[in-house]
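The following pair of complexes shares a single chain, chain A, combined with chain B in the former and chain C in the latter.
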Partner chain A sequence: MGCFNLYIFNRQGTCIYYHEWFRPKSVKQGAGTLADDQKQMFGLFWTLSNFCATLDPKDQTKPQLGTPRKIGQGCKFKSFTTSSYKCNFLEVPSGIKLVLNTHREAPDLTDVLQALYDDIFVEYVVKNPLYVPGQPFQSDQFVNALNAFLRQNGLLQQQQIMAAAS
Partner chain B sequence: MLRGGPPGARNAPSLEQINAEVFTLTYGSIVRQLISDFEDIEEVNKQLEQMGYNMGIRLVDEFLAKAKITRCSSFKDTAEVVAKQALPMFLNVSANVANWSPDQTECSLILTDNPLADFVELPEEHRDLKYCNVLAGVVRGALEMVNMEVECRWVGDMLKGDDCYELRVKLKEHRDEKFPYKDDD
Partner chain C sequence: MAVYSLYVINKSGGLIYNRDFAEAARVDTNDSLRLASIWHSLHAIASQLSPVPGCTGIELLEADTFNLHCFQTLTGTKFLLVVDPHASFIPALLLRIYELYSDFVMKNPFYETEQVIKCELFDEAVEALVRRYLQQAQA
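For the complex of A and B:
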């Protein structure tokens, strides 16, 4: 299994962190610029979670599509799988959103993403005095911890990434 | 900041702890320094609140990561979580939630023990100092990050002879998640 890329957004829709491990189709061929790519990904996340909450058969209130919601209201959208990749999502109540693109055979990554937030993002970013809440950040320590964490979870094996892409 | 998390928190890794007296004395010297820097007590109260706010907007992530809580469906739940989980986790004291206003938008967090104010006596010329105002800021900052805009003020202070510390928390707005971009950009 392998990871392709990771986006971290805040509530304002700013992509505060982007990491790419493997992206055979460059951004230029897709959205054009990295900023547009990130904005589209945020929009995708937003629309999918809103749409899924609208479809929820267990929700008694039957909200209209696009109705503003409170945090955590309605069901949560976790991932979707295509024939070539899997897109995993996590949203935490403080507005941080994680999007991780992986190989399509990846198992349910809800717990992995939660642990990524709990043990890596909070420890290395939120507690870093140089991090200004709401601003994009760069931190070598975070990158190292992130890579180590994903490797530990078997999500960062170069050969498999290559195999998945071919 | 102090001691570990509440008992029973699932898989919560133990938080780093610091000696309570070091913490209390450090806070005391910060307040003391602010008083000599600003000279105006109102300004000191404001600064303490602002410092707390800046802590609160980060602290909430730490809390969410460590407490493993499920979502709070109402302001009432939120107040209980602040009193029974967040305060014990960071200050090692818990509070009671009381004095609800009839429309459920305002309540008091009541602390009978407050490690910030151990060893403190307020001198007569500083009667207007809200010594623990940093806490008011922390609560405001942390709740703002979960889309609840609140106003916090101290209505009871043991340093001024009251029976307990009473922090009045008023919910001004419980915001919806909004799509941050306009349709046309």
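For the complex of A and C:
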């Protein structure tokens, strides 16, 4: 299985980190610019989480669509699958959101994303004394650890998605 | 194992059919109309955001308490089925519902395309199909 790209958002919805492994369809053919692409991805996340909280079939007292929710409140969603890719989401209690686009046959990645947050993001970014929380960052150490982590979990077998896309 | 609700959305994002199979799944009427049009746009945004060319939109949405399966026909009508996370064979069930839609709705001479579906035979057929599916799933 391969990965396409990774977005990390802070609690305000600003994209603090973006990494791309393989993206045959450029941003120009989609949202236009990278900043717009990131905003659109956050919008998709935001709307889907409201959508799920309102639709939740097991909750008798559904919130009305559009009522403000606290982080982690209501029904959360894990991923969506389209005809060509799978988009995996994780929101942690501090409001950091991870969005990882993978190959569409990827299994449930909730635990992998949680481990990515715990072992990579917290270790290499949050524990960095020079890092201001909630600000965009660039770190080679983080990138290396991220790649190693994904490879270890079998998520960076890029030739598969490259073959599928060509 | 349960099937919660069925939504049919026309090609411009309007809700044309809504049926709940479980009491708890009922959503406020206004909200269900809005959910339908939101889904229509999310579907389009997801294909725009795709890192690979040729994406046709969301097919399956997985959440903590439910799965949402979406089937889009060639004419742009979308069938949404909200089901239990453990339910299986849902894409096949959606195709069967599409078949019923073609038979009982599209072939109904009084039905105007893209308008709300008010068709007793379709209601009954969908009800029977879902009941049969649940029986088979339990067996």
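Just so we're on the same page, the second predicted complex is superposed on the first by the 166 of 166 C-alpha atoms of A that agree within 3 Å, B and C clash if a C-alpha of one lies under 4 Å from a C-alpha of the other, contacts with A are read in each partner's own complex, and residues count from 1 in each chain.
Here, a contact is a pair of C-beta atoms (placed from the backbone, for glycine too) under 8 Å apart; a residue touches a chain by one contact, two chains touch by 3 or more.
In this text the structure is predicted, and so the values were computed from the model without any measurement.
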Which of chain B and chain C A:C87 touches, first, second, both or neither: second
Touching partner for A:G43 - first (chain B), second (chain C), both, neither: both
Touching partner for A:G13 - first (chain B), second (chain C), both, neither: first
Chain A residues touched - chain C or chain B, whichever exceeds: C
Touching partner for A:F4 - first (chain B), second (chain C), both, neither: second
Touched partner set for A:Q60, first chain B, second chain C, both or neither: second
First, second, both or neither for A:G72, with chain B first and chain C second: first
Shared contact residues on chain A - chain B and chain C: 43
In the complex, chain A residues that touch chain B: 11-13, 39, 42-43, 46, 68-72, 92-96, 117-119, 121-122, 126-127, 133
Chain A-touching residues of chain C, taken from the complex the two chains share: 4-5, 22, 24-25, 27-28, 31, 34-35, 38-39, 42, 45-66, 68, 82
Chain A-touching residues of chain B, taken from the complex the two chains share: 13, 57-58, 60-62, 64-66, 71, 145-147, 174-181
Of all residues in chain A, those that touch chain C in their complex: 4-5, 20, 22-25, 29-31, 37, 40-41, 43-44, 47-48, 51-52, 54-60, 62, 64-65, 75-85, 87, 101, 108, 161, 164-165
